[in-house]
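Below: a set of structures, written as structure tokens.
Each of the two complexes below includes chain A, the first together with chain B, the second together with chain C.
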Partner chain A sequence: MSTTTETEIPLRQRVAENPQPALIWAAVGAVLIGVELGAILQVVGAVAGVVVNLLPGDPGASAVQSLQAAFDAIPTLVSRDVIPNQGYWNGTGYENTFLGLSPAVAWAIRVAFVYAYAFAVLAWAWNGYKRFRRHYRRVDWTPRDDVVNRFRGHSWGKFGLIIVITFVVMAVFAPALGPTTMERNILQPYDYEVSYWSEDTQSVETVLVGEANLGSGSQGAGDENVAPMTYDDFGRFHPFGTATNGKDLFTQVVFGARISLTIAVVAMGIAGLIGLGLAMITAYYKGLADLATVLVSDSIQALPVIMVLILMLVIFQNTWVRELYDGAVLIILIFSIVYWPFIWRSIRGPALQVSEQDWIDAAKSFGQTPTQVMRKHMAPYVFSYMLIYASLSLGGIIISVAGLSYLGLGITAPTPEWGRLIANGQQYVASPSWHISLVPGLLITLVVTGLNAFGDGIRDAIDPQADTGDEAAATGGGA
Partner chain B sequence: MSTTSTEEEQTAKASGDTLLEVNDLKTYYEDGGLLGSNPVKAVDGVSFDIQRGETLGLVGESGCGKSTLGRTLMRLEEATAGEVKLNGTDITTLSGSDLKQFRKDVQMVFQDPDSSLNERMTVGEIVREPLDVHDWKTPSERRERVRELLETVGLQEQHYYRYPHQFSGGQRQRIGIARALALEPEFIILDEPVSALDVSVQAKILNLLEDLQNEFGLTYLFIAHDLAVVRHICDRVAVMYLGNMMEIGPADEMFDQPANPYTHALLSSIPEPDPTIERDRITLRGTPPSPRDPPAGCPFSTRCPVKIRPAAYRDMDPELWERIEVFREVLRERSRADPSLSDRVRKLLGRESHRAGMDEIIPELFGELDVPSDVMTHIREAADYAENDDEDAARSYLREEFGSVCDHERPDQLSVGNRGRLSLCHRHEAEYEEPATVFETLVQ
Partner chain C sequence: MSRWQYFLRRVLMSIPVVIFGTTITFALIRLGPLDPVSAILGTQYNPQAAEQIRTNLGLNQPLWSQYLDFMYDLFTFQLGQSWVIAPGTTAYELIEIYAPRTIWLGFWSVVIALFVGIPLGFYAGLNPNTPSDYAASFGGIVWRAMPNFWLAIMLVTALSQLGTWTNGLFTWQTWIVRTNVVTPPALGFFQSPVEQFLADPGGWTESFIRATKQIAPAALVLGSASMGNEMRIGRTAVLETINSNYVETARAKGVSGRSLVWKHIFRNALIPLVPIITGEAFLLLGGSVFVETVFAINGLGWLFFNAAINGDLPLIGTLMFIFILILVGTNILQDFLYTIIDPRVGYDG
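Entry: the complex of A and B
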């Protein structure tokens, strides 16, 4: 909010005059961020690694590697190391698990801890906004306050927001949430071993993870099934059961959330940017600019989206573009190209409406430049509409990506993807291994519903028509 | 138009304190058709000037082009032809830094204070924006200036951090005025600045505008449709009708003795506060013609109550004369309406279309009257044309027969009185009676 607020005294000085609220908030923040500093630095290291990889000749690759190693060594609070669950029964008790608890309980504690931490961070951020509003903001009321207040009174929207947050946390903390790791269970199962208590020999034995997976697949029959919330023969706990090939379904689901979310958000971000930019230009200049955009967007919208996706994925089958991020980059590009006309169409009306307001003429009359008119006087009114349509279409993209993977296109194996999980489990739907298709299917439904609810909430919050009463309270100390 | 301006006026313009000079300005709206279209002639050849420090009122009905004229002077609309000289420089062709400088000198106050202020910006940001655009001094001096301006227009300093939503209509208009004043302009166009406000607030805003004019030596173009307001605030008044300037002159003289027939009609529409006073109001017939298709002669000829009659019909019964005028207006309206699809089909099939029906219109209009047979012949003739869906032929037939100089020739702006008053009417020519005289005979 600070950018929209005119500040005569700089914010720093206002904080210096009344430091207590800011200091308390900063201290809490330092603790919350500090415990996860290692994880944040690891992300930085990973990004640096990707950048170095893309540069020709990999300059400084070794430096980055040593940096990554150093970052990895920093302990973080919300991690597998602090609350380990991958232990085994040694005949009398559990070894290598958190406080000697069973793997299931240890895992449940870690999941609860991750979500508690995530919600604590969000609460801290929200509290920061409230402190700023109360202690440091120069204006006592802004039109956006009304939007926030309206959203806070919107139960359906808040439900959506909680679902969305849950989904985002799942994607962000995927490595810490799974009962096992991607590397160990899915990507390199023959490089790792697992210790387990063998009933036959009454002793702890070790076996390769890959072999253990072979023995714990869910294939429909009673003895070849690891149902949700059970242990397999090797003492490993599977919250969502196992997939057909014995790999842990929960781990695949959380990493699948990551890739789905990345594709949906990045594609929507690009499409939204193009749509918003074009909406500004077409609404400001109208005429030929508008006509040309109508023609282009109509042409794109006339294409059947899924068909285009399939064709493009097939065309680029064996090229380097298809390889980037397991095919996600290509999918993102296609989705941004196919979705911007939808966004542009949706916000063209509001953009034209705002372009007819007198304040646009007023700005022109004292010589404001077209870009500034678009940015200051038009975009803020249209942006919220874009947010609504973006949040509503995110669900559509998630479904489409799942659909593509279901068809065997889209994200390449072994990177987990919800659609492929559904496809794999399809033939076992009517068997004891129903969980393979059902769990990802339910999650997709839930996430898409949540996104729609969130979009509804934003729309009702923005649209003053949706305001039911207490106008006086909303306008505040009017003059 | 300027041909009739006297020599003295010409020299006065050249030497005197003229701030703005408009010569034969035209603003046409093309409706974007690819083929040559028939443009809306919103401003159709207007000439006038504004002296430094004066307030020129611009009045007229809605749709007469007065707002378009204001917007063209602001360069918010591009002029189709003509020139607008501000301090001797033609501003219709400015671009780049010259245009930016011009934007500093001329400001506008808008009609609707709800939509002229961006609701997402604080009052301070709104008033400061012109200063930011023109890089006026340093940021802290700008903020100081905004505070001064808020005080100047009667707001308080602490309103800086409020949003427009938190103000009443009158206060919002004050914010709009503060924004217009920010760059210290010479000339401000006030586009109906009080018509959206409560009557009680209107007077306060008008007084504020007058005070500001005295304090800063501003020149105003005051666009309004409220004649009482114009009389209160303006030094001179210009009356517009259908994109033309019908009359321009000193306010007091014009209100006391309107010269142009249209001004007569407009002034007689001012409500009188005293209900006991007997007044002879002139009610105009019909609606203004479409600005796409203005009359060939005088723009007001289709509705003028004192239109000059051709010599042959000078003694005709006024009632009958008016019916003939109404008949011509009916034909004009009909020629404007596009035939509907079913009408076209009917015509193709050789059936009678709905639009015909002259046999209903003629008795309706002329049934009760005693129409001389030669007049009736002409009417029948025109009706026959119209019956065959040829309204244009019917119109030109009637124009030839019943038309006068008002229908055929566009009048010049003729000088009236000795205070630089100009009026667009044939009746000011020596051979015709003055409009005022004819009005007197009309109301008797």
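Entry: the complex of A and C
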């Protein structure tokens, strides 16, 4: 656009000179975020609650609680209250459901609505980037534009991206997506009641959710099964059927997505930070630092990953770390310790190459400190290689976590986890209750395929000539 | 640096790696929050027994002396014994019982993966961007993305239900030889195979086929990840080789199609496959825990898992050491293969 390339004009001034595109974009954003403001504040409140819980003596616990209550009261667009599906048949029509529709339809509308909202937000963010590029960026072209354009022409990568987004939305909006809530159906079923139409008495009756669950488990044949997309005897709709204990499978699956993705992303983030930091140090100082890191990382890589995970989970079984978030924190720590050598290995070569460049010498002779050189002049060039490797490794972590939970060592109850669901339904795979094991497994396959495809896309976009030799070790993981 | 000097350096590097890896294991077992003695005794804890085991394992010694003992025993292959899952049985006996099943499983999973993955990958690479290439590539990617333990559960179910689905036309259990779907393989025929074969060729062949059939589904699952990797890398390698200058040259000077594929493309495409094939050792050891659990094959993975959940820490230490040796050995093998196959090794780093 602009022919002026003076770098002194700050972004604020560039926006002020041509405010219209930015204003339109901001207005749309305000509407999109405004309708969900309550939910965002609720997340803030929940985080504050966790922080207060961790601090000794729980300072200000009551203040946080009142704050949470206030946030909960703010209505949000994408929530269970706007499109409720937990109603019942009163003999002539549905009560307490959205527009008097059947629970199944009401639930389907809410799911569609959640995804429509999520994609609208993403479209808005993408549009913001395009507006910035067109109207406000100082230069017409940057190398990053090529990366973005290459990714846009990569259909396999885009397919992966859509799948990844689908699962991320599932994890983020888990409470709104389920036909019932965690609290009501899984954590405290005996504290809640459900109303239903009884054929025997021809009237609406109420029963504790826990007791209703007992009567709607999926354990094989005939009336002991609630298949996907059906109602149970208490008028509750189950998109994926029920687990053996009668708890809703879909609710558990969406919350399982939350924990799986969290573990994978956080563990890979920590491992990436360690790997990147060490790569900078070893590339900058070389010699002894490099040799020591080679030794440590080779030793960790020589350990069988799954066996180490099993051993560490057993060793830490009765400690307080194991209790945090039903084991997720410990698993994240173990994965970061086990995975950083792989990341460091994959970026060691590029980091060494960068450290040989002339501009590093120049920066040094200008008197920049080693940290500055590493951070400003080396890390940005290596970061993309790390991104490639990390995105290709996420699937392996998800599979390993599911595998460990399947063995009974990973995430413990009550937090739902895909591997535990598979173990739960294992003996019923050949019976009409096949859905319990099949659905979580298919979802793992789908999300791992999506992550790998997305990783391929990122790799081809960032570095079209990338060496493909290294990635096999990244994926799989052996579970 | 010559190729063999490079190789020698890699072998020397592996010594500190084994020592370091074993040290990490020692640190986990002896310094972790789980006390080995209370793990061994579990609910039947009493001070006298605890004291006895403590003396027996040398846990009363200062830590550095414990460490030296631990390392010395392992590196002189005094592997100790089991304390919980088979009290009093030496680690040697346990490994002798359990290892053959895992080796049998590992052997077939490598073979199946190689003989399915590589041909499919090469086929896809020689016919790029055709429907069959897309089908093979996509299939390989999805196949690789499936969790082993889940795939194993599904396969077990499918095999046991085959009779019902085909109305009794085909049942896995009675196909060729009678076997159960979920069973440890009977490997008795391996003891003095030559004499047994000479004494009863038909019977020996039948038990060989039976053991192979018993292991085949588990091997297929265990090899799934490597099969997908081999296919993928094989395809890329062939594509890269096909478009390289020397293949162009060979084609221009009139080398026949068959000789072009086998001599010029196949051999060079094998190089990037070497780390994938040796890397299988990692996938196999880890995956064996899951696959052996689902298929009820009591091999090394199963032994390790049970030793772990029952708190048999001395046995775990020993098994971990064995696994480290296996993995480091495979890495050396990989370097050895590289040194033989790829003349460029050692020239640039």
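Convention: the second predicted complex is superposed on the first by the 455 of 479 C-alpha atoms of A that agree within 3 Å, B and C clash if a C-alpha of one lies under 4 Å from a C-alpha of the other, contacts with A are read in each partner's own complex, and residues count from 1 in each chain.
Definition applied: contacts are C-beta pairs under 8 Å (C-beta built on N, C-alpha and C of every residue); 3 or more make two chains touch, one makes a residue touch a chain.
What you are looking at is a predicted structure, and each value in this text was computed from that prediction instead of being measured.
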Superposition-derived comparison: chain B or chain C, residues of chain A touched: C
Which of chain B and chain C A:I300 touches, first, second, both or neither: second
Partner chain in contact with A:G287 - chain B first, chain C second, else both or neither: first
Which of chain B and chain C A:K376 touches, first, second, both or neither: first
Which of chain B and chain C A:A363 touches, first, second, both or neither: first
A:A430 touches, of chain B and chain C: first, second, both or neither? second
First (chain B), second (chain C), both or neither touched by A:T319: second
Contacts of A:Q353 with chain B and chain C, given as first, second, both or neither: neither
Touching partner for A:T449 - first (chain B), second (chain C), both, neither: second
Where chain A meets both chain C and chain B, residue numbers: 475-479
Chain A-facing residues of chain B, complex: 32, 71, 74, 76, 99-100, 103-104, 106-108, 110-112, 115-122, 124-125, 128-130, 133-134, 143, 159-163, 165-168, 171, 176, 179, 182-183
Residue ranges of chain C touching chain A (in the complex, touch as defined): 13, 16-18, 20-21, 23-25, 28-29, 32-34, 141-142, 144-151, 153-154, 156-157, 160-161, 225-226, 229, 232-233, 236, 272, 275-276, 279, 282-287, 289-290, 293, 304-305, 308-309, 311, 316, 319-320, 323-324, 327-328, 331
Parts of chain A lying in touch with chain B, wherever the complex brings them together: 4-6, 8, 138-143, 287, 357-359, 361-369, 372, 376-377, 380-381, 475-479
Touch list for chain A against partner chain C, complex: 294-296, 298-300, 302-308, 310-312, 314-319, 395, 399, 402-403, 406-409, 419, 422, 426, 429-430, 434, 437-438, 440-441, 444-446, 448-449, 452-453, 468-469, 472-473, 475-479
